[in-house]
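Both complexes shown next keep chain A, but they swap its partner, so chain B is in the first and chain C is in the second.
Let's look at the complex of A and B:
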């Protein structure tokens, strides 16, 4: 199994498309950092616009620190990273079928279940490596460029602030949560990959599902909010932000607090549930699949 | 009985005569405040506004006669109510002859003397100032200021070891807040089931900012560059 996994990882990292994701992510993050470095005042102005009438302007250099830049990057990127995850996970089985090597692999002395486990594990490793790269660029590089200070998180009707020594553990948990969300997307693309003999199909369908679900998540139509939205995995993928929503007593942030931990755990459970369903369907189908290519 | 009534009446009249006139009281407070040419103070700033959740911030407050004042963050993000920096009672009181003083009697519960100050200068930022004064200590305990641009503010002062200079140990600043709302498309909020929107009772609640001073450095000189 381990040697098979090493081969699968080798195959993933031998394909140029794998590096497209890393290159795209790097480019986007660097562009955002440059934009915020030279034009961050406008962004902070927008962020604080709700309280401009009541309070004196807070200096940009205090608000726009490495922690906030990382939050902004994740806010923008965690919708798009799933698309890059789909590039690899959607290709895992369908790519082999497309190249005509799936039958060859299936004839090896490993069961089909083991083969799928190895293939999916390789996709998960790729996903985690991509996330670690994002964490490095978005958090570590942003801290190096912008320094650290208290983190202010704007919400629709609230503004949450936390002290600088109360932030890193939140990011650690947020990235762990993001990993669960991205693995769920990988599982979806992987499941679709099992059904197809061409990798374009699963990748495009996964991307379409993410786009449609994200739009439904962000639409503020009460009918969808009460019926469809709670069941979409994209709704729960935003759960990483929950670690930055704090509790307060008399307006004072409670250090180390999370506003609604049970909701985050519920979202994580939903994502794990979806992952299990997607993988279950993939295993069930692949075991019975008549492999002709 | 008649004698007793006359004695009580006489006592009341004497105490009234002995009570300070509003102008005398203001002059005494003014004299106390004028002892301070400048100060630097360290403090903790606590924000209690319905839409803000923030830790207690460390601030440094600089003041220089006649009207320079600045609040600087020592660390973290602090929310300073708009216009609060410009409200300076020392400056306002020192503008002798620029306001009319109306004696509004005493507050029933606290016994604080209430004086209403009406600026005669049409360009004054403060339109009306109501001072609640502890006559014995010659200290302003509470002030309600209606300003031209920044609404009505209420200041509540608690004094300690710097009372001789008229400088408070703690100031509670109450003010009207406006609604805070950002587009959902900007914030991409996670719906964790918690109610973000304050209920209607809280919505109209005044915002409060509390500064607790830990130390003052009085008349040691403050560089003008700080106020730029």
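Let's look at the complex of A and C:
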């Protein structure tokens, strides 16, 4: 099984398209960092407007530190990274069918279940590597460029403020949560890949699902809050933000606290549930699939 | 000689289309078993069922005496295959492709062994070239190296000569003969190149519209002592009725459209020609048909 997994990882990282995701992510993060480095004052001013005079008087270099830059980057990117995950997970089976290699590997003495396990595991490893790369660029490089200080997270006309020594563990958990969300997207693209003989189809469908679901998630229409949004995996993918919402007692934030841990855990459970369903369908179908391509 | 492949009542339907219909055949150990049929006859579907890529609608397959549905892994460990054109990973080199498929067969081969395997198909010098730079013939040869990398006992080749130049075809023919005669492998091969099949195959299975229409030893099917005669007439059915009233009745192989195929001893042919001339039917031509191509067309061209 390990040698099969090595083969799959080897194949993924021999494909030029794999590096497109890393290059695109790097470019976007660097552009955001440059923009905030040279135009951060305006951005922070915009962010703090309406928060009251006491906030507006805080110097930009204190507010705009590495932690906030990382939060801004994740807020902008975590909904787009799934598209890059779909590039690889959507290609996992359909790409083999498209190349004509699926019939060759499926006629080797490896069970179809084993084949799917190693292929999905390889997609998960790629996803985690992409996320680690994002974490490195967004957090480590931002800290190096902007330094550290307390983190102020804007939230509907209020700020959640965390002391600098109360932040890193939140990022660690937020990235773990993001991994669960991205693995769910990888499972969706992987499931679609099993049904297709052309990798463009699963990639495009996954991207369309993410776009439509994200639009629905962000629609400010009360009717959808109870009827649709709780069932969309994209709604739950935003759960990582919960690690930066802290409890406050008499207006004072409580160090080391999380405002609504149960909501985060519920979102994680929903994402894991969706992942299990997507994989269940993929395994059920692929075991019976006639390999004609 | 024990049987290597034993297929019984093999049937595969795709919705309302029956691609393979109640196919039963046996492939004996060692030797080259030719599998013939027109396009769409069900050859690739049959081969895919033998490799468990497609699940049969009905019937059972035993390979090496083991049931394919329950011993898939053990069977595939001893089987190598090329299915249609050998598509490989174009962004990898030949040696990387070979190593990858060897690993999937449970082998860990070092570079020297891999190069030796490529040497056998004449690709050692291009071992480190990416497949996207290969010609069709080179890809075909690499496909054969992939099929043979784990030293299988049974080799299933689906159109292995497709896209090859005459030299390439000759190389594959020599390789098949070597594997069969010198290494004792059992080879199950489908091809459209009937003249090539005639040179390499010991036994034949011919299918038409999913059904078996002939099976047996090549020499018995193409018996040189027996002449196969094709008579072209205005109405084969009318002539057939007349022939059936004579002693030649049991010599009729088939009668379709305007052609009747007869099989008889060589010395009987002049007598037969004289007698059908006396039947006062419009005879347009009489041909001797003893090549595999003639035999194949006589069975399938109606």
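Just so it is clear, the second predicted complex is superposed on the first by the 287 of 293 C-alpha atoms of A that agree within 3 Å, B and C clash if a C-alpha of one lies under 4 Å from a C-alpha of the other, contacts with A are read in each partner's own complex, and residues count from 1 in each chain.
Convention: a contact is a pair of C-beta atoms (placed from the backbone, for glycine too) under 8 Å apart; a residue touches a chain by one contact, two chains touch by 3 or more.
None of these values were measured; they are calculated from a predicted model.
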Exercise for review: Give one of first, second, both or neither to describe whether A:291 is in contact with chain B, with chain C, with both, or with none.
Suggested key: second
Practice item. Using the touch criterion from the header, give the chain among chain B and chain C with more contacted residues in chain A. Key: B
Practice item. Could you look at A:281 and tell me whether it touches chain B, chain C, both or neither (first, second, both, neither)? Key: neither
Review point. In the superposed arrangement, does A:101 touch chain B (first), chain C (second), both or neither?
Key: second
Exercise for review: In the overlay, answer first, second, both or neither for which of chain B and chain C A:5 touches.
Suggested key: neither
Check your understanding: Counting only touches as set out at the top, which of chain B and chain C does A:211 meet: first, second, both, neither?
Key -> neither
Review point. Does the superposition put A:245 against chain B (first), chain C (second), both, or neither?
Key: first
**Study point:** Interfacial residue positions of chain A with respect to chain C in the complex
**Key:** 3-4, 6-7, 10-11, 14-16, 99-101, 103-111, 288, 290-292
Check your understanding: Can you list the chain C residues touching chain A in their complex?
Key -> 14, 48, 51-55, 72-74, 76-77, 79, 81, 83-92, 96, 100-101, 103-106, 108, 146
**Study point:** Contacting residues of chain B [partner chain A, same complex]
**Key:** 46-56, 71, 73, 75-82, 84-85, 175, 177-194, 196-198, 207-208
**Study point:** Complex contact set, residues of chain A against chain B
**Key:** 46-47, 49-51, 53-56, 58-59, 62-63, 75, 79, 149-150, 152, 154-164, 166, 218, 220, 235, 238-242, 245-248, 250-253, 255, 259-260, 263-264, 267
